[in-house]
Each structure stands twice: as C-alpha cells, then as structure tokens.
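In the two complexes below, subunit A is the common chain; its partner is subunit B in one and subunit C in the other.
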Partner chain A sequence: MSDAVLVVGAGPTGLAAAHGVASIGRRVVLVEKESVLGGAPILSRYAKLVPSGEWAKDAIGRMVKRVEDAKLVEIHKGTKVTKLDGERGNFTATLANGKTVQAGAVILGTGFTHFDAINKPEWGFGTYPDVVTTTQVEQMVGAGKIACPSDGRTPERVCILLCVGSRDRQIGREWCSKICCTVSTNLAMEIKELSPSTDVFIYYMDIRTFGLYEDKFYWKSQEEFRTKFVKARIAEVTVAPDGKRLLVKGEDTLVKRPIMIAFDLVVHAIGMDPNEENPEIAKVFGVGLEQHGFLERGEHYTSTFASTRPGVYVGGAALAPEDIDTCISHGLAMAMRAVGDLNALAPKAA
Partner chain B sequence: MPIHEKTLIDPKQLLQTDNLVVDGVDVSGHWNTMVLPRTMTDYDPDFYKTIQALPGGDNVHRCWQCGSCTNSCTMYAINTDFNPRYWIYLTNLGFKSEIVKDKDIIWQCVSCNKCTNICPKDVRPEGVMKALAHWLEMEGHTPKSKSTVFDEEFTRQCLERGRIEDTEVMFNFFRQTGQSIGGMLRAGWLRVMIERMNKIHLLRRGELGKFLARLPMRQGLKMGWAMVFRPRTRSWGRTGEVLREYVEEQKRAAHAKIAARAH
Partner chain C sequence: MATYAEMAEMYEDIKSDFRFDHELNGCLNCGICTATCPSAQFYDYSPREIVQLLWTENVEQIYDAMQEKIWACAQCMTCAARCPFKNSPGGLVSIMREVAIKHGMQSAKDVLRPFGRVMLKLITTGNQLSADMIQPDHFPDWGPNIQKVEGDLKVLRKAIPVKTLQTTETAWEVSLKTSVEMYTIWEMTGVMKQLETMDENLFDVIVDFIEEKREDYEDWLEEHADEKNDD
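Presenting the complex of A and B:
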C-alpha cells in the first residue's frame, strides 16, 4: 500500500487539498499541466477576488507559496497524468514526462474552462474588438485602466451581459455558472472606481448574488456605484450608426419594449464550462461524467467528494461551477477524506 | 388583417388610411393598418438625480423591481395602469417621455404608504410618486395642483407681510383656481358655512336682536379693513426678503447635497 496522495491540478482546490494532506503528515504528489501553479485565477490574471477583495496574485500566491514550502509536497509542473492503474490504496500513475507515481488515493482538482464567447456569435465577440469578456476586464482592472480595445478610448457607457454561456439550452449550457452575477456587480464597481464618469449597465435575466454577496456586491453596486440593472436578454450586438460604438438590441422585458442602445464597451459575463479536457480526464482516471460534462459525483452523504471510482476524489469546479472560497473548502475536505480512507485501509494491509 | 389588440398599442404608433387602393386592390381602413416600432434608443442615466432632489425621491435608485409596491398598491387595485414599480424603473433608466404619458395617473397616489411599508429595499415608493407628480408639475406637464396654488399664495403673504390674512388667502386661492366666489356664495358650501356661523336661523325666526348681538361685527370690520389696507407685521422691514433668500439658499444646498451624494 502506498501512503502518498496524488493531487491533480494546482488551482485553489488542488492547492488546498495538497496543503491539507501534507499538514496531517502524508506525502503529496501534486501534478499540474501548466508551468505555473495557481490555476484559473493566476493563469487568467484575475483582478480582485470575490468576496475578499484581495488581489488574486496575492491571495492565490500565498496558497502557492504555502504548498511550495511544504516539505511533504512533491510538485510536477508542465505535465499530465496519462494513465492510472491499480486500485484504492495502490495506484500507479504514469505521467507524460515518463515518471511514475505511487499513490494510495487520488484527488482531482481539475477545474473548469471559461466559456468561449465566440459560441454566441450574435453577441459580437470575435467580430467587434470592443466586445470583451469578464476575464479581459479583470485584466484591464489589473492593469489599472479601462479602455476600448479598438482605439484605447475610455468608455462612456459599458454594458455587461449576464449568462453568456450559462442557462442557455440553445448551446447546451443548461446550468447557472453561479459566480458571474457577483463577479459582474463587482467589476461594475471596479470600472466605476477606475473611471467615475463611465456609466455601467448590467443586462440580466435574474440576479443570483447568493448568500452574503447580496448586499456586499449587488446592493452596493446599485446603491453606491449606481450600476443600472436592466432586465433584458440581448438579441444581438451590431455596430451603431456612428460606425464607432456598438448597438445593443433586445427587449426590455419590464417596459415590454424593444431597445436599441449604443455602448462603447460590451462585456460578456462568461460562464464556467466543464474542463475541455474532461473526456480525456474521465478516460485516464476511470471516472464518470455527469450529463453536462462535469465530473460525476459518487454518493455524497457518507462518501463525500467520492467520484465514481473508489479511491479517487473529485471537488471544486471540476464538479460544477464553483466559487474560489468553496473550492478551497472542497480541497480541504477531500484531503480529510483521502487521508481518512487511507488510515482505514492501513490495518487491513498490515 | 385587422389588429385585434389595438388597446395595447399607443395610438400615435398606429397608421391607417381611410381610402387606399394599391395596384387596383382596395385596402381601405384596417386593411392598411401599420404599427410603427416603439424602439427605445437611449437612456438618460442621470434623470433619477432630478427625482432624488425632490422631497420623497431620495431612494429611487435602490429599486430592484420586485413589484411589491405595485402589488400592495391601493390605486393599482382600482386601476392597473397605476404601476409604481414601472415608473420607478422608467425613472432609473431616464425614460422621461414614458413617464409623461402617465401624467394624468401618477398624481392619484393616495399616500396609504402600503408600498413604503412593504418595500424590501426601502425605496419609499410613496415619496417617489410625490416627487414624480411634483416633477411633472414643475415641468409644466400637469397644471399646478390646488395645494400648490394655496401654498404659493400663503407663502407670498407670509414673506411680504410677516402674516397672512385668512380672507385674502382664501379669496385669492378661489380666484386663482377658477372657483367662483359669487357662485359659492349664492348656492355653494360658502353660503351654508356663513349662514351657520352667523346663526341665520335666528334672523329667519325674526329674532333680530339675538342675531345682531352675536354677529361678529368687529371681526368682520377687521377682515374688511385688512383686505383693503393689507397691514404688515410690526417692524417687518426687509425680513421677508432675507427669508426668501434663505429659503432659496437652503433649497440649493439640499439639491447640491443630493447631487453630490449621487456621484
């Protein structure tokens, strides 16, 4: 029996899991396919995180450092697991770099993929340079300047379209991506902070700033930063008659009237897709996918964070759209599960 | 094809020609009805600040359109065109022309304040209704309300003379609101009031002495004298002028405060 735990993915989930396992005295092998640790918040250069308001590079950076400094954690960057043989207590993982890893349990923190807004062509992403995604605005905020990519001007009017790649049967995304509402209301405030003369409009179907994000983000954005909330699902984004701005067309469902409003910058609040590598991940690790393409949960109540393969655990945004704080809790919970299960196996092996 | 739901369409958006022949086909009347699009093409994102600057409108920007105000509304129960939620939305996005369309309904708010009590975001919709009615009046979309006419006359006398003359306030109020004093004296409530106050039944019963004894002669003379000579409060001087300036200053300061907070 191997007493090490293999953690796959070094985003918030994997980092929390790796540190969790190491902190209770087990060896960890952390495998990350990218050349840097930190996952989406670092790779996509997020600005300030919800809800802490801390810069991603600081907050996630601390998590990375904590794992890098942990003596019991062995890190493999820029490589993937290509094969997982064996069973609970005795796995052998083969890495793309040729190495093999022995582990008693496997934790999957393989995360998600940002929705590619080009799959909603009617909303203009990929066609017009001034249609951008929330990720791009995060990067603008990180750089300290909000500007239209076409000519660098400061936008007078910005609209954020919610549910881009979420809650849309048309493109097979029948889920709510959970965090985009909160992220968008937060971005609206950050835009206003960087450019007080800019008016920000949010086009929504519903606002789902769950739990304590209600007043801290939604209400604050509306009441203190004067973000305008318009209930409309946009039909299409084209060019305004002046040839410069973008024309947002749709129906204002509260006024029951068509709208054609010009904006300088249109932001897609992109949702969370299942990791695009999930089919491969499912094959390599021998775990199931649920109907939307995320990794499938096993029985949750007494076998929390189980996948469909004994000894392999799955959590964070690999399971479903998830926020960073919850991912971190999942990671720590999976560490507890993995080590607990290995301890239970130990007497049998002896 | 005739349009069956014409009631849902703004009459100004309907085009129809009584006599029209196209390519030899008679398409007169409803056969040629066209509906013009009602597309909204711009927002006025600062309009809400105008409403906020009026008493009652302070919290209008907080609304998230749950509809509790409309659902609890006394007036909505009677007339479903009375929709506070809708007007608050129009205010926040600055669709002024749409608000003006409802100018003859908005003032009907009865201030029962059920909306204010139920509003989860403390928008105080009753105040917003007042502010909107006020704005419509200020912009000349609705005539001055009777209470505004009364207030103005009352204030004018206060500032000019440091006192009001009841008779003159009422006299000018009736005159400015087009209520015929002569008519009311002959047949209206004014006649009834004067008769009862002066116990005219004594006179009708022939008890002239009793009647004269309790007739407010001195008060009547005083009223008549004041109407003619319009006395000012002793040593009133420039007080009115100073007061008027002060009131204007306070108004400007209040508006500036609200505008500053809105930024």
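Presenting the complex of A and C:
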C-alpha cells in the first residue's frame, strides 16, 4: 500500500487539498500542467477576490507559498498525468515527463475553462475591440486603468452583460455559472473606483448574489457606486453610426420598452465551462462525466467528494461552477476523505 | 365579446395542440425575443408577453391578444433562434392563429380577407402569382430598373432553352393529378374547414371548382384506362 496522496491541479482546490493532506502528516505529490501554481486566479490574473477584497496574487500567492514550503509536498509542474493504473490504496500514475508516482489515493482539482465569448457572435466579442470579457476587465483593474482597447480612451459608459455562456440552451450551457453576478457587481465597483466619471450598467435575467453577497455586493454597488441594473437579455451588439460607440439592443422587460443604448465598453460576464480537457481527464483517471460535461460526483452523503472510481476524489470547479471559497473548502474536505480512507485501509497493528 | 367559458375553451385548444409543449418550456422573462423582434419595433406586439400569458394561463389576456396582437407577428422566428430556453414564441403565435380561425374570430376574418384573391388563384391555377399578375407599378420596392427590363422579361422567359412548363398566365402548369391530390390534402388537414369558417362565399366558389376538377380528372382517368391496359 502507498501512503502518498496524488493531487492533480494546483488551483484553489488542489492547493487546499495538498496542504490539508500534508498538515496531517501524509506525503503529497502535486501535479500541475502549467508552469506556475495557483490556477485560474493566477493564470488569468484576477484582480480583487470576492468576498475578501484581497488581490488574487496576494491571497492565492500565500496558498502557493504554503504548499511550496511544505516538506511533505513534492511538486511536478508543467506536466500531466497520462495514465492511472491500480486501485484504491495502490495507484501508479505515469506522468508526461516520464516519471511514475505511487499513491494510495487521488484528488482531482482539475477545475474549469472560461467560456469563450466568440461562441455568442451576436454580442460582438471578436468583432469589435471594445467588447471584452470580465477576465479582461480583471486584468485592467489589476493594471490600474480602465480603457477602451480600440483607442485607449476612458469609457464614459460601460455595460456588463450577464449570463454569457450560462443559462443558454441555444449553445448547450444549461447551467448557472454561480459566480458571475457577484463578480460583475464587484467589477462595477472597481471600475467606478478607478474611473469615477464612468457610469456602469448591468443587464441581467436574474441577480444571484447569493448569501451574504446580497448587501456586500448587489446593494453596495447601487447605494455607493450608482450601478444601474436593467432586467434585459441583450439581443445584439452593433456599432453606432459614429463608428465608435457600441449599440446595445434589448427590451427593458420591467417597463416593457425596447431599448437601444450606446456604450463605450461592453463587458461579457463569461461563465464557467467544464474543463475543456475533461474528456481526456475522464479517460486517463477512469472517472465519469455528468450530463453537462463536468466530472461526475459519486454518492455524496456517506461518500463525500467521491468520483465514480473508488479511491479517486473530485471537488471544486471540476464538479460544477464554483466560487473560490467553496473550492478551498472542497479541497480541505477531500484531504480529510483521502487520508481517512487510507487510514482505514492500513494494516492494523497487532 | 366571448364568455369566460369560450375563452377557456380556446386556451384549451391552444394548450392541447401537439406542438405546444415543444414550443414552450417555461420563461426566464429575459426579453431577448422582444428585443430581437422586427414586429415589436413597429407594432404593439411583444413575443415575451405572448409567452408569459400562455405560461401563466391568463385566458382573458390570451383572448385579448388574439383580437389583434398575434397578427402582427411576421413569423420570421428570430425569437426562437435567440431564446435561451429554446422556446418558440413565433410557433406559439402560429398555434394561436389556427385556434382563432377554428373559432371564427373576427380578427382572423379581417386579417385574412385580402388573401381571398390569392387563395382563389392558388386553387384555380395552382400558383399564388403568375407573371401576368405582376405589375411593376404596384411594386415600388423593386426599384426603378424593373421598368426597364420588364418588357424583355416575357421574351426572356420564353427563350429559356429547357422546358420549364412556364406560361405567362400561370407561373407554371400544374397537372390535373397534382391539383386533385392537393385538394385532398387540404381537406384532410382541415384547410377547407378553416376556409369555410373564415369565408363561406369563397368556400362555396372553391368547392364548386374542386368538384369540377375532380370530374375532369375522373374523365381523364376513364379516357386513359384503355391505354393502361394496353401496356
């Protein structure tokens, strides 16, 4: 039997899991396909996180350092698991760099892929340079300047379109991505902080700033930052007759009026897709996919965070769209699961 | 004005149509259908309102919408292409129109009256439009150039080297057999019944014509029965 735990993916989920396993005295092998640790918040250069308000590079940076400093964690960067043989208590993983890893349990924190907004062409991303994604605005906030990519001007009016790549049967995304409402209200406030003369409008179908995010984000963005909310799904984004601004066409469903409004910057609040590598991940690790393409969850009440293969656990945004705080909790819970199951397998002392 | 029971019956007819559950899954009330609807730009018509009325089973307002609003839809189906829930508001309008016809609503009669001539032309010739019906003066949207080429068009049509069955009286000749088959389809799918409800006079004229055509067809069959036996 191998007493090590293999953790795949070094985003918030994997980092929390790796540290959790090491903190209770087990050896961890952490495999990350990218050359840096930290996952989406670091790779996509997120600005301030919800709900702490801390910069991603600081908050997630601390998680990375904690794992890098842990003596029991062995890190393989820039490589993937290409094969997983064996069974619970006795797995052998082959890595793309030729090494093999022995592990008693496997934790998958393989995360998600940002929705590619080019798949909703009627909303102008990829056609007009001033149509951008929330990820790009995160990066603008990180750089300290909100500007239109076309000519660098400071936008007078910005709109954020919610549910881009979410809640949309037309393109096979039948899920709510859970985080975009709160992320967008957060971004609206950050935009206003950096550029007080800019007005921000948010177009929504429903606002899902769940739990304590209601007043800290949804209400605050209105009361303190004058963000305007319009209940409308936008039909199309076109260019205004001046050739500069963008025209956003919709129906204000609450006042029942068609609207056609000009904006300098249109932001797509992109959703969370299943990791685009999930078909490969499912094959390599021998785990199932659920109907949307996320990794399938086993019975949850008494086999929490189980995948469909015994000894392989799955959590975080690999399971479904998830926020960072919850991913961290999943990671820690999977550490508990993996170590607990390994302890149960260990031969009892005579 | 219909009684509540009559309105409820119309709603039941709409709801029990076999397409209904396919066209209506629910509604997120996002408004993308109305935003993208060309008719909503010009008329007091909102596909979202139609969907919402049907989904919430508002029989009085559904009846009200059938008085006028549903006839503003151009059936372009852009709403269906955009809806994130994959509803088809245009498809629902189509069902509502059929129910309005079935119940002989005045709104349906008013809207369909101008099409009586088209219907008659269709039945008697198998064509909606024929070349000799088209007067460029009546179609300003074709632009001024149509006037210049119009005279030559007739010659050009006749000059098409392959046999196209084209005539100037009809767009093309429809065989007797095809016409009779078409009448049978219309009878069996309820088109004739709809016509009777909408315009009794036109119905009588057309029924007479159909009977004549059927007799012609019977005669033709008899005349050619021998030929067939010879084969």
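Here is the rule we go by: the second predicted complex is superposed on the first by the 347 of 350 C-alpha atoms of A that agree within 3 Å, B and C clash if a C-alpha of one lies under 4 Å from a C-alpha of the other, contacts with A are read in each partner's own complex, and residues count from 1 in each chain.
The working rule: a contact is a pair of C-beta atoms (placed from the backbone, for glycine too) under 8 Å apart; a residue touches a chain by one contact, two chains touch by 3 or more.
Remember, it's a predicted structure, so these values are computed and weren't measured experimentally.
Student: Just checking: does A:Arg167 make contact with subunit B only, subunit C only, both, or neither of them? Give me first, second, both or neither.
Tutor: The second partner, subunit C, only.
Student: I'd like to know which partner A:Met205 touches here: subunit B for first, subunit C for second, both or neither.
Tutor: A:Met205 contacts subunit C only, not subunit B.
Student: Would you check which partner chain A:Glu223 touches, where first means subunit B only, second means subunit C only, and both and neither mean what they say?
Tutor: first
Student: Look at A:Lys71 in the shared chain and tell me whether it touches subunit B only, subunit C only, both, or neither; answer first, second, both or neither.
Tutor: It touches nothing on subunit B or subunit C.
Student: After superposition on the shared chain, which partner residues are touched by A:Gly250: those of subunit B (first), subunit C (second), both, or neither?
Tutor: So A:Gly250 only meets subunit C here.
Student: A:Ala232 contacts which: subunit B (first), subunit C (second), both, neither?
Tutor: second
Student: With both complexes superposed on chain A, which partner does A:Ile261 reach: first (subunit B), second (subunit C), both or neither?
Tutor: Once the two structures are laid over each other on A, A:Ile261 reaches subunit B alone.
Student: Of the partners subunit B and subunit C, which touch A:Pro196 in the superposed model: first, second, both, neither?
Tutor: first
Student: On subunit A, what residues does subunit B touch that subunit C touches as well?
Tutor: 231, 252, 258-259
Student: Inside the complex, what are the residues of subunit C that reach subunit A?
Tutor: Subunit C reaches subunit A through residues 28-32, 34-36, 40-41, 46, 48-49, 81-86.
Student: Write out the stretch or stretches of subunit B touching subunit A in their complex.
Tutor: Contacts found on subunit B: 37-43, 45, 61-62, 64-65, 86, 89-90, 92-93, 95, 98, 121, 262-263.
Student: Provide the residue numbers of subunit A that touch subunit C in the complex, in ascending order.
Tutor: Checking each residue of subunit A against subunit C gives 122, 163, 167-170, 205-206, 231-236, 249-253, 256, 258-259.
Student: For the complex, give me every residue of subunit A touching subunit B.
Tutor: That would be residues 196, 199, 201, 207, 218-219, 222-223, 226, 228-231, 252, 254-255, 257-262 of subunit A.
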